[in-house]
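Letters A, B, C and D mark the chains in the order given here, with residues in each chain numbered from 1 onward.
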Amino acid sequence: MTTLAVLTSGGDAPGMNPALRALGKVCAQSGITLLGVERGYEGLLEGAFRPLVTPGEGGGAPRFDRELEGCQGWGGTFLGSARSARFREAAGRAEAAAQLAEAGVDGLVVIGGNGSLAGAAALAEEHELRVVGLPASIDNDIGCTGLSIGVDTALNTIIEACDRIADTARAHRRAFIVEVMGRECGYLAMAAAIAAGADAVLMREQGRDERAVVEAVEKTVRAGFDRGKKRVLVIKSEGVRVPCTKLVRELNARIPGDHVRATVLGHVVRGGAPSYMDRRIASRLAFQAVRAFEEGQTGTMTAWRATAEGGSKTVDPTVRLFPLAQVLEETRAVLDGTSAVMRWRLEMMERVAGVLGV
Amino acid sequence: MTTLAVLTSGGDAPGMNPALRALGKVCAQSGITLLGVERGYEGLLEGAFRPLVTPGEGGGAPRFDRELEGCQGWGGTFLGSARSARFREAAGRAEAAAQLAEAGVDGLVVIGGNGSLAGAAALAEEHELRVVGLPASIDNDIGCTGLSIGVDTALNTIIEACDRIADTARAHRRAFIVEVMGRECGYLAMAAAIAAGADAVLMREQGRDERAVVEAVEKTVRAGFDRGKKRVLVIKSEGVRVPCTKLVRELNARIPGDHVRATVLGHVVRGGAPSYMDRRIASRLAFQAVRAFEEGQTGTMTAWRATAEGGSKTVDPTVRLFPLAQVLEETRAVLDGTSAVMRWRLEMMERVAGVLGV
Amino acid sequence: MTTLAVLTSGGDAPGMNPALRALGKVCAQSGITLLGVERGYEGLLEGAFRPLVTPGEGGGAPRFDRELEGCQGWGGTFLGSARSARFREAAGRAEAAAQLAEAGVDGLVVIGGNGSLAGAAALAEEHELRVVGLPASIDNDIGCTGLSIGVDTALNTIIEACDRIADTARAHRRAFIVEVMGRECGYLAMAAAIAAGADAVLMREQGRDERAVVEAVEKTVRAGFDRGKKRVLVIKSEGVRVPCTKLVRELNARIPGDHVRATVLGHVVRGGAPSYMDRRIASRLAFQAVRAFEEGQTGTMTAWRATAEGGSKTVDPTVRLFPLAQVLEETRAVLDGTSAVMRWRLEMMERVAGVLGV
Amino acid sequence: MTTLAVLTSGGDAPGMNPALRALGKVCAQSGITLLGVERGYEGLLEGAFRPLVTPGEGGGAPRFDRELEGCQGWGGTFLGSARSARFREAAGRAEAAAQLAEAGVDGLVVIGGNGSLAGAAALAEEHELRVVGLPASIDNDIGCTGLSIGVDTALNTIIEACDRIADTARAHRRAFIVEVMGRECGYLAMAAAIAAGADAVLMREQGRDERAVVEAVEKTVRAGFDRGKKRVLVIKSEGVRVPCTKLVRELNARIPGDHVRATVLGHVVRGGAPSYMDRRIASRLAFQAVRAFEEGQTGTMTAWRATAEGGSKTVDPTVRLFPLAQVLEETRAVLDGTSAVMRWRLEMMERVAGVLGV
């Protein structure tokens, strides 16, 4: 009997649970046993396995873990996640491979972000084991995929928060700086700015120093109030390393009237029921991951990709496999700001965003 | 001075308001006057214009309609919509063209579904006027576009409702049939089924008669409870013409225990704050519509399209223009079930959905 | 060691889960073992017990059921519910008492509506067992309590749905009839009407026949559109036995323009995360239920009651115990329309509602 | 013709808009003209009046401001709010009274918090003008009323955020400190703690110094993880003057594993669609305010109060009038921690909360 194991790793993202559920359902249909690994690579090193799907014997119905069955609407990950220092060493990975071998596991699915996929790549390279990755990160900073699991939900949460903030901002004619996650990548900030109708975006990719940041916001706030706006909204990416409290202090010192406030959305954005899109992406990527495993692939990641393969049919984005090595290379380019794709995406969005906040 | 007019028409869709707002912002930046037409083509025939954006003179700030400024988080359409019998006649369209000419309008943007776009096409053909369409329909039944405005929000509303229904279904071990909109097209039902983890989908495209529908649901419900499921969920498209009350009656007569219930989601699904994705699509399509107008295009529709143009860059879906004639042809194919693209999309989704309800 | 059992019964209500959680936490602190009974009285008859809280021995930490710990934000009831014909007979209740005795249970907490509380009263009367009830019903039709668990969440869900419907109604200048639950009691309809700003309410308590219902709605719709309203909203209680489809047909035959639509909210209203108020009420009533049990009380219900006991302090509603017999008597009066309290409440609300839809 | 004016002042609270709408509807029915004052007392000093309701002449339909009609689901206040230094002086208030006299206003309704109500009291005392207050403050720190407008919505927003945070906390086995508003009053923190199932609450009223705060949280976090909890949640009131960043740093220095995080909810909590309860309270208080005005009352506030007046009927909280002087005295007691009522309420809640986090 074939056995697959799955773990969720790194920062949790809404959609990890539906990905687990879909994986379980596909395994059940294919007669594959699915083991869940608790707390990411850390749990793997401890052999914290837990049966998620046991195929029915003699044509009987498969047995599903109780949480797996009902989890598609839950935020977080019911398997738990963790960061593991040990797994970053080859010795740790050897230990993990031994645990997997002992449990009779033929393949491992890793659902996570950059660090987690790098771990998956190393494990696939160093050991005889089929490893498939699923991109999950609210920051959308993973290479080769148009969207990673969690981005859509996070953006819905962010714009709902921005709408709430706009309610109170309009009541008082205030300017608000809203900080969103994305330490290395401004995608979340830029996409949120378009949807929230923000007046400006601050991203690490713009390369502004503190003074330039303050000046940019000051200009935006003055222009907005000058032309009679009831609220001014600036989305700031976490990657711009000026604390919001400092920004607010400096701006209120420059602009009379004590109009400027800030809110750091923080971890609220990680939680919540996964959106339609995240559930659909998660289901689709999980489906493909089992197929990849069945085809004997290893060291690959399933990606939600808009391509034209199949000719005129591809109005829908499709799912494709990419070697993890390529994924990681593109990811590094995203993170150090040299990715042509990401630059192009941000520019394309900036053209729209730049207009919407007028 | 250039003047553009805009109307929303047909069934309203969440995202129409952000489309209007984005249109206004782009016009303001391009120095274009934007007039809003109230109540769709009906209002056009009555000359119900209302200034949405008046560019600032001598470099001054533009003036925006108060509702336009704050509407990106509102459901519905603040301009109002309506169905117009008169506009379906050439005489009515001539009258409309005269109203537009009298108001000094150089181009018209039509935000709506199939009927509305057909009207736009006829107007563009019969009169000297640049007409650009934006696809808006929660049913996703419009040709040439991967997504139309409103689909993503409607799906989020549907799966939230399905999650609520699952709460009560699990408490009582019940089977629920949830009917969603989509008279001619099963996209909404199928996409919802994937995201909600439904056990089965009923769509007009499956061509089942009443007896076959009842038998399909009966089989699904029995199989679900036999293998110990706490809830069984069936998504039914409006296009399957068996009333839910009748379905429930027949199923409870066949399956002992009075377990089956139904809910018709209806108009609740049209409303609500537009999602991130709908706001982004709406903004992007509106942006492109003004560019198309500036380039002198007419009889075209802006579409959210996943293509590979531009080589490896197109990880993001892009926006493209299609002749309205082609859009309407593809739409007819969707509606009569002969569209290869839609069949391919439904099949692709069915492969996933078929597994998720196991 | 003292042992308490708990079951949820009848129609599920949001807030049942936080009630279970609070009960578990209070038991843990008091060193009481808590057993959960699955599927209401039906599970009780089958002896379907499951440990929810096991107090720590020798000062150790108590052990909690995994679902109990995390359930305060879930809709429905993780213990399951059911209707039981057998328990309505004395023989069935004797069997239930035997099951409880065998499991070493000293007291039973019943969380449910009218039927469930009647069952609890009979059990308490016929057998040596402390029985305490908690009122849970989205209809607010239980005597002696100002609010029952689930009402506040249901009302939040209803007005959110009404707001969504208003979005689309305003877009098309339509009149909507929204049917809400409440077979015997119009509280939900009336309270929703105030909060949604409805133009009229239809309740069983008004004693209108079909013709009078149609005429009332017709008058409301005409008056609303005559004075230029963009949407007309009528809330209809399930207890008014005219099907919505029929109402819509008749009204569109009387009022030209095909303006009238209807939506039946149905089971969507039962689900969803419990609101703040329902969690607070549930926690408070559960807290009091354990105290009542510890004091040796039986055949009582804890009620959320606005009283002036304690003098000027009672700005907050407080929790009081009422004999189940009294509760059931007042409930009967609510259901047959003779309750002075309920009439007074509906009248008080009607005075406000009557004005808000003007 | 009688004329009433209304303003919203101080920090905005969800429910201000439905209060304005209800006020307008009651005025329309009573044939009273309603003027809206923009931007609170500041707008009053500038004479920024705007007609909200103009009764119909000769039995005609009243005319309503467009925003007034549709605002019951909006957060914030469409009239705008502001803080006014000038109005705090008697000279400013004389100017305001002159503006009101010039506009032919017979009475003023003030919707706001403590400062706003103090201003209203002074105005009523110093000038010939009927002034009625409506308590609106998300902090629930206003005397004589059980609930003020905005509290229920704010609590729903807070617990939804806590649920989201719990998703990610559980995924990583983390402890979260969530800071909520309430500079002078811990009500919001305490009520949120009950509903969110928090492990501990930090309020100014507890009188802890920084060291005691750190120790209390440390103890809670250690105890929670020791007994195997997946997440520890501490609600901190804004009034506890230890910055969250500092608390996190100190706690992670004391507790190994880098488990502790914090989120400051901030202004997000002020916005959002008002809940059922806030709409109902707002409608009821507005209704009563017009009645009070018609009865010639001045210097009073309408309060949502649980009393036993009317004997056994008062299962529902009722609305009562209190002299503003008494309200302000009780409010001062709340703010300096000497209010017996508030202490009793916090204690009552603490008894419940203390158990729920076990």
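By definition in this document, contacts are C-beta pairs under 8 Å (C-beta built on N, C-alpha and C of every residue); 3 or more make two chains touch, one makes a residue touch a chain.
None of these values were measured; they are calculated from a predicted model.
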Contact distance in steps, from subunit A to subunit C: 2
Result of counting contacting C-beta pairs for C-D and A-D, higher pair: C-D
CA centroid of subunit C to CA centroid of subunit D, Å: 27
Intercentroid distance (Cα basis), subunit D paired with subunit A, Å: 36
Where subunit A touches two or more other chains, by residue: 163, 166, 170, 230
Category of the chain touch graph - line, ring, star, complete, other: ring
Each pair of chains that touches, named by its two labels: A-B, A-D, B-C, C-D
For the subunit B and subunit C complex, residues of the former touching the latter: 8, 12, 14, 16, 39, 74-77, 80-82, 157, 161, 163-173, 176, 230, 261, 263-272
Complex interface listing, subunit A residues touching subunit B: 18, 21-22, 25-26, 28-29, 61-62, 69-70, 72-73, 144-146, 152, 155-156, 158-160, 163, 166, 170, 191-192, 194-197, 226-230, 273, 275-277, 279-280, 283-284, 287, 305-310, 312-318, 340-341, 344-345, 348, 351-352, 355-358
